[in-house]
């Protein structure tokens, strides 16, 4: 049975909830429609998060991204919406989404939004020389 | 009706004023005139800001950039002027402009200016490993 | 006295007319206006030629390129016009112009035009391993 | 009036039919559907042609590319179809289309098809050192 | 039903047998075993061919590549074998395989093999400027 | 005697236990099986650690990596398992593992996990201009 | 009147002394003589500063760099001298010079020196995600 | 038993003598001594050949390259000597060696030598679009 | 008189001991022997230091690096030894050595060691936007 | 005794006059003076030749390049002069010089000149797949 576009994000249990670690995902095939002109827009999404109890299932994430194909979406609003949808689905310790849109009118736009769980603080990063 | 160069920057409401997020814009087609020789200068502008109540409308930003085409402008002064114009138009929490000028006389010049809203402090950055 | 935009191309005598050799020139700062919308267009010009009796003087070439700043010009037509203007100015053995325009509407366009002096044949290229 | 997807390719008169020259166009935003799974496919199209009496109008080319957004298309067949559509629209001296598809199943596929006008022969290329 | 490794290459009818065109495939995930040490070897395969009546089906090609995972194979011999297997499966007008192996003992090895159908001659390439 | 895949990690004494220093190891040839489909997965592993009394022996590390070739492994779980195995083998002051998996379904995934010895604090990094 | 090499650095008033901003200058054409062998040395200079009341005039900076063409200069000493000369000419809030010398004897050397105005402290950098 | 440097090149039978194919080998770790100063020289060797009855065994090739470590060798002479030694060892249809030496005195030198078996002619290359 | 390999590091007086500054040196031509197999190893060394009263003389540093050519050396131990030798020779405020070894067994290893003078603290870095 | 700039090119006997082979030399440190403004110009020279009885000695070539440091030279003329000087010094079968000058007035210029010995014909190049 072929898969379908869907706003429902499926999840699976975090295999290592005892510690903070990073999951970084790059999705070069986001496309939606410009709400003003109706023409297609394209972007590469960069998602990174620290899971709490659940992780995002990748096939489901692909169907979620696919669900924007026929929707109108402004750059700033859609980035904030996606980060919210992911945060609602997996309640991560931290999540950041970077949407890098293709050039329009000679101008390149990127939007970056984050959500942080209340009370969560990242460990001090270890910067090895 | 074709668009025109214009110093008037149009704006739209920030769709997510409840949190800090980043809008990053690259404009490779800035051109003005050298005030000393009258010859064309060229630069790539890199704009990044954290919106408060308003965002910069992109078509209007393109017309704004266009408006420098027939004006004389020194590298240092024009960078500071543009960051001020944007700050005046949208009163952002933070804005930074990097103007990367093409080589002149074998020398490459870049100017970087910022404006920060009084009382605004950036969240401690989360540096994931 | 500051220089001015000008369609007049100045030349100087080829210092080595006794043999074929190549002069290759890259000009990243071509800008004209779109004849349909009136908005600025940008391109990098790549010029290469084998001189006969005259070479293109570089300062004059810069002023020539500058002269398109306020003119409307289609990509295909302007590339053919510039190669003709250069051919008329220096009557080279061979000249090729590649105009690499900036992206418009998500599409990147490059136009390449050549002129060859009647009766001129390039030497068989020596391809060293 | 916003533009629409359309298989109709508009053209304009070649401004320099008296000589062979090259028009090279890169379109990074082609997307269609996989006829087997129904999932989106993505490609960058590289088009290059030598015009005869007509050239492809760029805005119309964008709408033509857009028209594949909701169609199923195999890599090999769609590349051959597009090169035929362009050949039928402008009857060029020569046209080549390179479709560089995004990775699927760990495999990257590119398809290249050409059409040559009967009786047309390219000039011997001039390879300058 | 999950797929399995298999030496059987499936094919589909060439959608455009009336003309020569190129299908180019990059497979970065080839792995086999060194016949001398039994240790894993890795390579990127580059396949390009001009189809006659049949094309290689991609999912089947992936299973074919997978079938080498537990086999011992010398660089030179396996490259020649794969090009033969593909030639036997689709009887192409032309096929070339480039196997780019990972470094071993500080030495990087690449092997390139071709098969050409009897009587087939490539069209003179069109080299546009 | 040829080497064999093995989960046993051999170690050797740290030649400089008196100070913190960094050992950084890149392994481009990790491969395991997808637990869902049984198909091969591929990754580049980036390991960096500050040794305490023992260092990882490289030939043994290669055999350890090899031992995953016929095992099913999820991206998130296997990254956490490997960092634990290394931590158990050498009890380092600090260890970080970055697993950069090849694209699957158009999506690129990277997982980063760390372990820090209780009571160990990195020296303040010296950032020279 | 042609310009001349000169150790005199000309300056102009900082157009925006009310705030800290960055001026970054790259000069790929520094050359001096090796004091030991008398042979030419070459370097790329990277200058960055935060102006106080004066900025460095670019044409004068080019003449200043030119003035080293016939002078002997050691890598470490000349970097410190140039940063002092610039600091003396414009009394900046901060200045840093990075001299990246061409390879000599198979060894690549870079020297970085800074000067900070007494009492000046940089604003905490805003690191946007 | 550890391997030793050796001028003796071992070979193995060409597994596919029935057709021409290419073996391409990159060796980034060649080092010898400058005959004038006695100081070490370094180069990357690029070897490509079409085998006849024998191929070069890689471990033996590594030992052969190693054998130059304590020998004085001029760039031009050593490149010609190595290509001769390989030709003598395997009597290939064609062999080419490119020695890319590290910079000395600010000058980068590369030497390329070939040997062709008497009577051997390469097939006309197939240049796919 | 030709130079010789030597463990003796010569130094010269720091021309600017009144302030901290950085000297950064890249040496792509380090080679030693593997203590286990006797085969050559290769690395690029990256040295950076803040001088106190003495700087490392470059010709002497080249001879020092050369002195490892016939010595057996483990990656971790030799990096720590070299940083100690340099620290003993010039007693710098700070020194860091990064040894980036060539791939062995499909694994790339880099080792980074530092020495800091007792009581020395780096100035807070100035990070200009 | 330190070396001096000199127009005298020293040579040494070609160690392999029995066959054609290529010597390729890159010199990134050419500098002369602009005959119009007196200001320094910079270029990278790319020299490639097929020797007959003599080769260019590298130290002497460095001194030759150095000899232009205080001379005025036009781009086109100096490229033709240098190729003539080299041809006169070593009478090669073939020599080509490519002078890639640094940007001036926003324009990048490269000049390529060749000399071929009367009666010499290059072997048909072997293009391996």
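Labels for the chains are A, B, C, D, E, F, G, H, I and J, by order of writing; each one numbers its residues from 1.
Going forward, contacts are C-beta pairs under 8 Å (C-beta built on N, C-alpha and C of every residue); 3 or more make two chains touch, one makes a residue touch a chain.
Which chain is which protein? Per UniProt: A, B, C, D, E, F, G, H, I, J = NADPH-dependent 7-cyano-7-deazaguanine reductase.
Everything quoted here is computed from the prediction, not taken from an experiment.
Common partners of chain B and chain C, by the touch rule above, are A, J.
Note on connectivity: the fewest chain-to-chain touch steps from chain E to chain F number 1.
Traced through touching neighbours, the fewest hops from chain B to chain I number 1. Chain pairs D-H and B-G differ in how many C-beta pairs are in contact, and the one with more is B-G.
Taking the mean of the C-alpha atoms as each chain's centre, chain A and chain G sit 44 Å apart. Centroid to centroid, with C-alpha atoms defining each point, chain A and chain F lie 27 Å apart.
Residue positions 22, 24, 28-29, 42, 96, 102, 104, 106, 112, 114, 126, 128-129 of chain J each touch two or more of the other chains. Pairwise chain contacts in this structure: A-B, A-C, A-D, A-F, A-G, A-I, B-C, B-F, B-G, B-I, B-J, C-D, C-E, C-H, C-J, D-E, D-F, D-H, D-J, E-F, E-H, E-I, E-J, F-G, F-I, G-H, G-I, G-J, H-I, H-J. Contact residues of chain E toward chain H in the complex are 22, 24, 48, 50, 74, 76-77, 79-80, 94, 96, 104-116, 122, 125-126. Those residues of chain E that touch chain C in the shared complex are 128-129. Within the complex formed with chain G, the residues of chain J that make contact are 2-4, 28-29, 31, 37-40, 42, 66, 69, 102.
In the complex of the two chains, the chain F residues touching chain B come out as 96, 98, 112, 114. Touching chain C in their complex are the following residues of chain D: 14-16, 19, 21-29, 51, 55, 58-59, 61-62, 126-129.
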